[in-house]
């Protein structure tokens, strides 16, 4: 500390993801927050949009300053794809929290996001920012002379992919149902009638029935791990009356009978040395990771049904968004992977 | 009204299910509540355990009076099995809200509930109290000279069975994952550390991993509808931070390709004339049925995955417990099926 | 029942108050809902705005039909004042759930609501629709040949006035702090950023600091009971993370020392024969009245401080809005005061 | 960091306060947690009682080790009074999170806590651990040769005293109503029927009507600031459906007319240089301080009523318990006052 600081900027600073980035980067030992940007908020104190961050005395501007080492982008889909080319041209690294660089196949954008990708060449150069799966590529990106783009995964995708990765690698996934439950902060900060307290409290409902966009990422990454396309994932998200947290229950019909011992070994091998993944012996609660960058997973062989159940939990705004972005940023800049992410969960 | 009243008693009156029974039966046009019983609460005003019911001015006793037409039982499993024989011997009808008479095969009791059933002969005479499936049998019970025992289904079972029944009847169920989310009132009223507000709020977790007891009922009833045993159901319940309500997402791999049109027809045929079932065109929320005896179901053919999704919601204390018991009671006593159950849901 | 039905219409049917009116009036034995109106919703099924009421199969129109006996108005302040004159001219009774006819002094409207009242003569003819205080006047209105306007009180006002009325009548109120806590449904149904679940959950804040509009009603009615203006009321509302319910803690410095016995007598005399008021021996919870038209009050003499504490609770959408309106309507039309309001509270 | 570490122990480690102490001290740059103790939990991994702290790999013992520099005590009232004398005799400093050393007058213990204090002489040597008021005394304690006992204030007391201190010092408090709202974690972790989720959710109630114990501390400290006993405080706490956070609305009838300008000046003078107090221009929400050691206060002169309103908020488990204890510990050991307390609040 006190040594050279990496100068970063945050675009979309007034949203929930932006607030989380400020919370984490403000205390990051190797980072200087050099600018916060948000549309139509020129020179506004941060406390107006994030009262809990008023003590930082920062201000939001319409634009970021020049000369940044890295930019974190929290933008609606389509907007990052348009903005990133000129940012990376200046040699600035981009950590994009949106979906615009997550899919490798440009043809998936019109299908899932209804826009034609304006920079398909950059798609192949971007790295999917899940350090537990792509650490080497992130480090390689750091050494490359090309554009440095980290496509930071979404919250549902992170939960599902990390919960299933050891099974996918072992070729065990026959077909899979991912039934996910999310706190409402994942829906963003814009005022919507269906997200009002009176509508959400004391209620649960499924949404995105018939194909949530995150399925594309999940199928892509699991397919890469399998070495072949997997069967279409039956993914169903639910909105439950809480603010933070995601739990994904992954119900797998395996390609062959397994056992608890085999599953334990697979997960231990995959995650035993991961700082932000804990394989737990009982079904975890989202509260166990609240406010932290931890991902917890529980895996179980069910002799009665001959199926595998893998349950993953994380805080959608930390390991599912801002924390994960900082983790990948740390790898990209050769910092200790946990820098700025040491906070223990907050409970109860 | 004002005509002959059916004299009923409620055992277990101080629990959540008991409170709901009082709420409903107190306003039932053809019922006189003749007694409320609960262990160790002799001559206590009902307002002490149920402040919201204080205005009824009723009292709880240790025992029910004699001469009742029907008794509603809310007892721990095992206790009803012991008590019911002598109740029915007196000619009193029993509506049992617990599991002791739900399973037809006595051998299932030691397996799922860890007790040997003391009255296996009564098991075959009891009727599973889901009027939408067993209305004729309930009416037949009314006319029979034998013991009248209604085994009122549990909340998870009702949601799952009603959501899947039309598929089961059509032989469409290949394998099935039932991923359920429940409010915490389903766990009962006893003080438990893990049910404290501070532990439940802002959290979600799965429980009963590896085999919740309600699976036995679900497999039994779906098997009856199929006409053959179905594959073991992968059933996973979750506890979410709300008080009332259950949502079951039933993910079905069908035995053959189906279509939205076929599904619509099956569900419309099954439920078109049911007063307490609504087939809805969008994913329902538990809030839409809160406090009422309604069950809502949404069914969808997913062309991309070739699977069927059926989502059911109900209020676990009404259609999932007390309301359903009253509905079956109405059938048993030849009353209009909706008597005492006309309340509209309470929202927001 | 089955006899002559009173034909009513509801304006503002798609809001929370409107939904509650439908819920109650749909089951009212002497009422026929002849029309539902809401701006810009012509011929829309009610289930689109109120999914929980879809089973009623009603539709919303832009305008009410003619020939109604009574109209319930749920409109923004200022709008009812403009609309009511022509409604009453046709001989239709108005039950206004907004503030436009609650204040007797026309000069209070520009002060508290920032509009000049367009029909000041009607203000003196309207009756403040709190049956516990103005039952005779409501009945008198029924017999009068003039315009029948019931100004149905707001939720904060009802709670505060009923909690303090016996003290005001006895001249005991020296000065008074009313510290109120409300569920967020009281803020209405319009999408607002600060009412989103993620902002409201796990938080409490005061609002309207320095003078909430409901103070005007509270001071008016307490002054009438005292027979003289009372000191300005220190009224502070809070928003807490729940949907329904209001609790007002009224801290009174009495004009002279009192005693628990005197207080008990005053409250018993005031409310002993009221169907919808219960004087309770312990501090009540809003959950004890949820979904019902009950008001509960607890009063206590504190020997240590020489002060009086009166705590009132109600459901802001029932006794604080729609239920109270129906109660006053019943008095106005000579019906049993509890008609359509017999539901017991819903708990837990 | 890396230099000499202060060896501390935590008694009552499995409660909510204990968990918060571990969360904070585990990341404190100058502290080594040398022992965790809790009754009947010998050699249990901390993850069993605090799953969110499992990653620390610590274990709980029945007893603390010897040779500690400081002990944090989280014990039921009465238990600390008995245990502290022998701890301080060994030269170990005590930071007591319970009430046993907060009151200066031994006669207050039988009155408010119903036990006779076994070490009245230590009462006068203990320092009330509110650094904003007693920083000098805490520093003096550090230099003294006598027993070092910090009586860390409770959550209600801290909120009320800090909200009112500038008024008390200026002699402005005529009489005062403190109407407080608390999250339920303040009630501790023991399973109680009335703290179950289903009872707390969607409800609010007052409790401790007629005299909550914390009044004793509040009156003591405000009296010290005034230089004379103040009138009995009318203190009323409420339980609201949230886990963390306290808001105290302090309604003051001043001894003489004041003005917004005077109030602003008083609060700015009192708190302008305090790291953990922010005087805010609008009514604060508890969410703005969640998980942090911040206290926020808003003060307002109400011209209409001639009264002062002061609203304070904090996180009851941090600035209202563990964080405050760490802050006082820092002062006692000559560390930077914010060491280990730098976390920003967590929102939403």
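Just so it is clear, A, B, C and D label the chains in written order, and each chain counts residues from 1 on its own.
Heads up, the rule we're going with is that contacts are C-beta pairs under 8 Å (C-beta built on N, C-alpha and C of every residue); 3 or more make two chains touch, one makes a residue touch a chain.
Just so it is clear, the structure is predicted and the values come from calculations on it, not from any experiment.
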Chain pair with more C-beta contacts, C-D versus A-C = C-D
Equivalent interface to B-C (more than half of contact pairs same by residue no.) among A-D, A-B or B-D is A-D
Between chain A and chain C, what is the separation of their C-alpha centroids in Å?
-> 47
Cα-centroid distance, chain C relative to chain D, in whole angstrom | 40
On chain C, where are the residues touching two or more other chains?
-> 16, 183, 185, 198-199, 201-202, 241-244, 284-285, 287, 290, 348
Would you pull the chain D residues touching chain A in the complex into a rising list?
-> 16, 19, 23, 26-27, 50-56, 185, 201-202, 243-244, 278, 280, 284-285, 287-292, 294, 342-348
Touch list for chain D against partner chain C, complex | 175, 177, 179, 181, 183, 198-199, 201-207, 209-211, 231-234, 236, 238, 240-245, 247, 249, 251, 253, 283-287, 290, 298, 300, 302, 304-307, 309, 311, 313, 348
Which part of chain A faces chain C closely enough to touch in the complex?
-> 16, 183-185, 189-193, 195-202, 241-243
